[in-house]
Amino acid sequence: MPIVEAHILEGYSPTEKSRLTTALTDAIRFVVPAPDEAITVMLHEYPSEAYARGGQHRKPAPALPDPTQIVRAYLAAMEARDLDTAKTTLGVGFQMVFPGTRPMTELSELIDWSKGRYRFVKKTYDGFDALHSGGVAVVYARGTLYGEWMDGTPFEGIRFIDRFEIARDKIQRQDVWNDMAEVRAQ
Amino acid sequence: MPIVEAHILEGYSPTEKSRLTTALTDAIRFVVPAPDEAITVMLHEYPSEAYARGGQHRKPAPALPDPTQIVRAYLAAMEARDLDTAKTTLGVGFQMVFPGTRPMTELSELIDWSKGRYRFVKKTYDGFDALHSGGVAVVYARGTLYGEWMDGTPFEGIRFIDRFEIARDKIQRQDVWNDMAEVRAQ
Amino acid sequence: MPIVEAHILEGYSPTEKSRLTTALTDAIRFVVPAPDEAITVMLHEYPSEAYARGGQHRKPAPALPDPTQIVRAYLAAMEARDLDTAKTTLGVGFQMVFPGTRPMTELSELIDWSKGRYRFVKKTYDGFDALHSGGVAVVYARGTLYGEWMDGTPFEGIRFIDRFEIARDKIQRQDVWNDMAEVRAQ
Amino acid sequence: MPIVEAHILEGYSPTEKSRLTTALTDAIRFVVPAPDEAITVMLHEYPSEAYARGGQHRKPAPALPDPTQIVRAYLAAMEARDLDTAKTTLGVGFQMVFPGTRPMTELSELIDWSKGRYRFVKKTYDGFDALHSGGVAVVYARGTLYGEWMDGTPFEGIRFIDRFEIARDKIQRQDVWNDMAEVRAQ
Amino acid sequence: MPIVEAHILEGYSPTEKSRLTTALTDAIRFVVPAPDEAITVMLHEYPSEAYARGGQHRKPAPALPDPTQIVRAYLAAMEARDLDTAKTTLGVGFQMVFPGTRPMTELSELIDWSKGRYRFVKKTYDGFDALHSGGVAVVYARGTLYGEWMDGTPFEGIRFIDRFEIARDKIQRQDVWNDMAEVRAQ
Amino acid sequence: MPIVEAHILEGYSPTEKSRLTTALTDAIRFVVPAPDEAITVMLHEYPSEAYARGGQHRKPAPALPDPTQIVRAYLAAMEARDLDTAKTTLGVGFQMVFPGTRPMTELSELIDWSKGRYRFVKKTYDGFDALHSGGVAVVYARGTLYGEWMDGTPFEGIRFIDRFEIARDKIQRQDVWNDMAEVRAQ
């Protein structure tokens, strides 16, 4: 039954407002087992002149980009080995950890590291999860890998999960887990 | 600046209301880059007699349990090899997938599978993420493993991540990734 | 989908609040074809100290009595020929019009008028409708009459409808239509 | 003092919104004896993109037509013996009951029935009452009849009341009471 | 932390709405020691068709003019000895009291009274305070006077304070205090 | 017509809430010429557990004391020459300016200064005005003085006005104007 009213400044796009109503609906559903039909979210939008904090009229902050879209763009660029595009999605101080690696800060390190491991790898996605937590957006991407080992043998169905932290519209951190070593050991 | 009003029936505990205000604050922060101080959440609570849907007064649905607490209880019981307690947290049709395993449905299968792998393993947690997504609560637990291999050699610092799906107050699914095979292969 | 919030002073009973949520739900349904489940009514109740009009704190006006209950009490008393009780429900200046009568102001007039018409009459109710209109509560009672004619012949199933106006907690006017003359003429 | 806020989707006409504010005002007045000046109704209107139920954006349901207007159109057409127009206001399964008749379903039955009773009849209205009750709109029309008996004698001032049920924008049922038989018997 | 929602009819200018949000912010600050940043004011604006009091749609009353602007215009005109302009700001029944004078009703009286006191006087403002109190707007202007005594000696830094009452958009009363006599006596 | 809702934390006394509803009513009246009866103020009060800013539950700040009461207490103590009590109402850095004086910081300076001017003086109040402005509460007290000159001659009806600034619950500044010199010069 919960009903949510959110008061925001005018200026958000329909898509941004949909993201907001969805996030608020999920927030309620996280705690209250109401049927979806019973959860209503309404956005009150105020022009700047009708809204004041501390006596000052305010401008709306631009909405945060959808972090899942940022992650998808990064993953697509990496799969295409388009490092220039991939780099545009990374923040200063970006770090990534892959199975068995130390933290790497350059995409080229990753490329070098992977060279001895497989000829190529591609991802099939089972799902994404995204949330805000402790000041950053966290995105999980999971699914399976397919590609070719160094000897040309194909592989597929190897489970993976990536965890990303996004802040200031850029990816700050990537952590990767997968079953490659497990599969190779078999 | 966003301000959120949620209208709920009376009867939730202070802890449950805190979970709700936190979830709503995070929902806003997921989309709007407002400073935390500028996000206010207010809960209007109604006695049943002051709330009607479809002309009928309503009782509040009991709050969902905190899924992270369910996951922590399960993981603690498993670490202590207290399978009876662990089972109380699992739903009918529970499935788990570990690196290199097929889906298992019984905790005893897991125990058997692990017997040839290590003498014992324990977890150090780096963090938990939890969200509602598509009708289920999703909880991620991540950190590092320490323990002893079959030959008595100790190990530590092996990265892991677990993903849980919780519905109807029970864990329905567990997916596990870690670097054990990677480490053993080195 | 409409959601209604009504702001009222504290002090109304659960029954009075139910009457209010029902009346507001019906008001919405009169204009908007929403499914009942999609209409939510919430009452905000304020203690006097938290509510001011014109800078003055206010006390809640006692709720109006349910006019249908007043009408039922009057009709029951009349059927039992308990004129003293019936009179307590009538306002100063009460008028009633029956088929073929001029306006009557005394219940004894009605009794006299009916004496030549039937030995007794009782009512079976098909339904009541009640609403506020133009400053008064209007109640309709409809159903069928049964009883005995002057010659002892029983009758039944004679349609009737009564219309009442209630103001200042008293019945101010009663208008009666029925098929008695139609039936007698057959 | 009550203040009512109704939250609706954008798209209703000024007339429809007036019907809604009036219905809500009357709903309050049905229970609370506040002076009219002290009852305020405010409509919050949301574009579809700012409103979500169950996480889905919604379109406003078209407003229900004013049932009193439907009844007036039907009564005017019947008085003018314009049966084709009158039929457009009737729902499938329409029934009508007149004094002394069995339920009729065709307007032509009514015309036939009335042929032996009067040359013509017309209505002067004293008032209409309309409300939503139990899933249907109910409209009462009351006043007096005038016309000519079969022998050319004029009559006037004969009380009548009609009760209509409207659902799915059509009249489903008409019940009529009047003093014709009473007057003829005198 | 307080959050204020004001519900008003559409039609006020941005400046008028700013005056309203400022006045409401100050009203909160008068009672609650919240940091300014924690006080939010939001204006809900309703078109006439979405707002009804006593069942009647309403037009917004034109905003009251800023009383401080009226006082500033009056003081500027008086300083420039532009009595015609000054008079346009005065209400019927205007009264003014200066140090040692009886109530005067005509600006020319004031000019005559001042003729024996100084050649000219001008004002430097330290500040204005304005509020609504008991049905009128009250404006205080304070600062120091400079000018020339009758003998040509200049003076400056003489403290003054003026109190104005404004009603029906006009100044109804002016009360003046200053240290002129004190300074002359020294 | 304006309606004001203020959302505050629970814990304010009825008197404090009355001060708040009055201040908000006056704020509206400062800008909108609505009849007093048409201005409604409603306070939503939240227990700490139902209110969160930045995800943190909050405690209500104690209400500011009524600055007019502080000023009245100070003026009464000064009139009674009870300097100890008067001092309790003064802030660190308190300053006062009287006609013809430099800023004084000690009440004893004021007493010394007045010794050569009159035997005693008392105040009759015509009114108080109070408002929040620029971070401080401002209180005006005005009326007339009566007492005895040094030679025993009584005086009365001498106009005065005092302006006070109150911050952190203490009087920070007092500015006094009156017609004493004017009267003595006559």
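In this document, chain identifiers A, B, C, D, E and F correspond to the written order of the chains, with residue numbering beginning at 1 in each.
One rule holds in what follows: contacts are C-beta pairs under 8 Å (C-beta built on N, C-alpha and C of every residue); 3 or more make two chains touch, one makes a residue touch a chain.
Predicted model only: the values in this text are computed from it and were never measured.
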Quick one: how many steps at least from chain D to chain E, stepping chain to touching chain?
1
Shared chain contacts [chain B and chain D, defined touch]
A, C, E, F
Going by more than half of the contact pairs matching by residue number, which of B-C, B-E or A-B reproduces the interface of D-E?
B-C
Fit chain C onto chain E over the CA trace and report the rotation angle, somewhere between 0 and 180 degrees, nearest 5.
180
Taking each chain's centre as the mean of its CA atoms, which one is most distant from chain F?
D
Would you mind checking which chain's C-alpha centre is most distant from the centre of chain C?
A
When chain C touches chain F, do the two copies use mostly the same residue numbers, with over half shared, or different ones?
different
What is the distance, in whole Å, between the centres of chain E and chain F, each centre taken as the mean of its C-alpha atoms?
19
Euclidean distance of C-alpha centroids - chain A vs chain E, Å:
57
Using mean CA coordinates as chain centres, what's the chain A-chain C distance in Å?
62
Hunt down the residues of chain F that sit against at least two other chains at once, touch-wise.
1, 3, 7, 26, 37-38, 40, 42, 44, 51, 53
Each pair of chains that touches is included here, namely A-B, A-C, A-D, A-E, B-C, B-E, B-F, C-D, C-F, D-E, D-F, E-F
Okay, in this complex, where on chain E does chain F touch?
1-9, 16, 19-20, 23-24, 26-34, 38, 51, 53, 58, 60-64, 97, 99-100, 129-133, 137-138, 140, 142, 159-161, 163, 175, 177-186
Residue numbers of chain C touching chain A in their complex, please.
1, 3, 37-38, 40, 42
So in the complex, which bits of chain F are touching chain B?
7, 44, 46, 49-55, 57
Where on chain D is chain E touching in the complex?
14, 17-18, 21-22, 25-26, 35-45
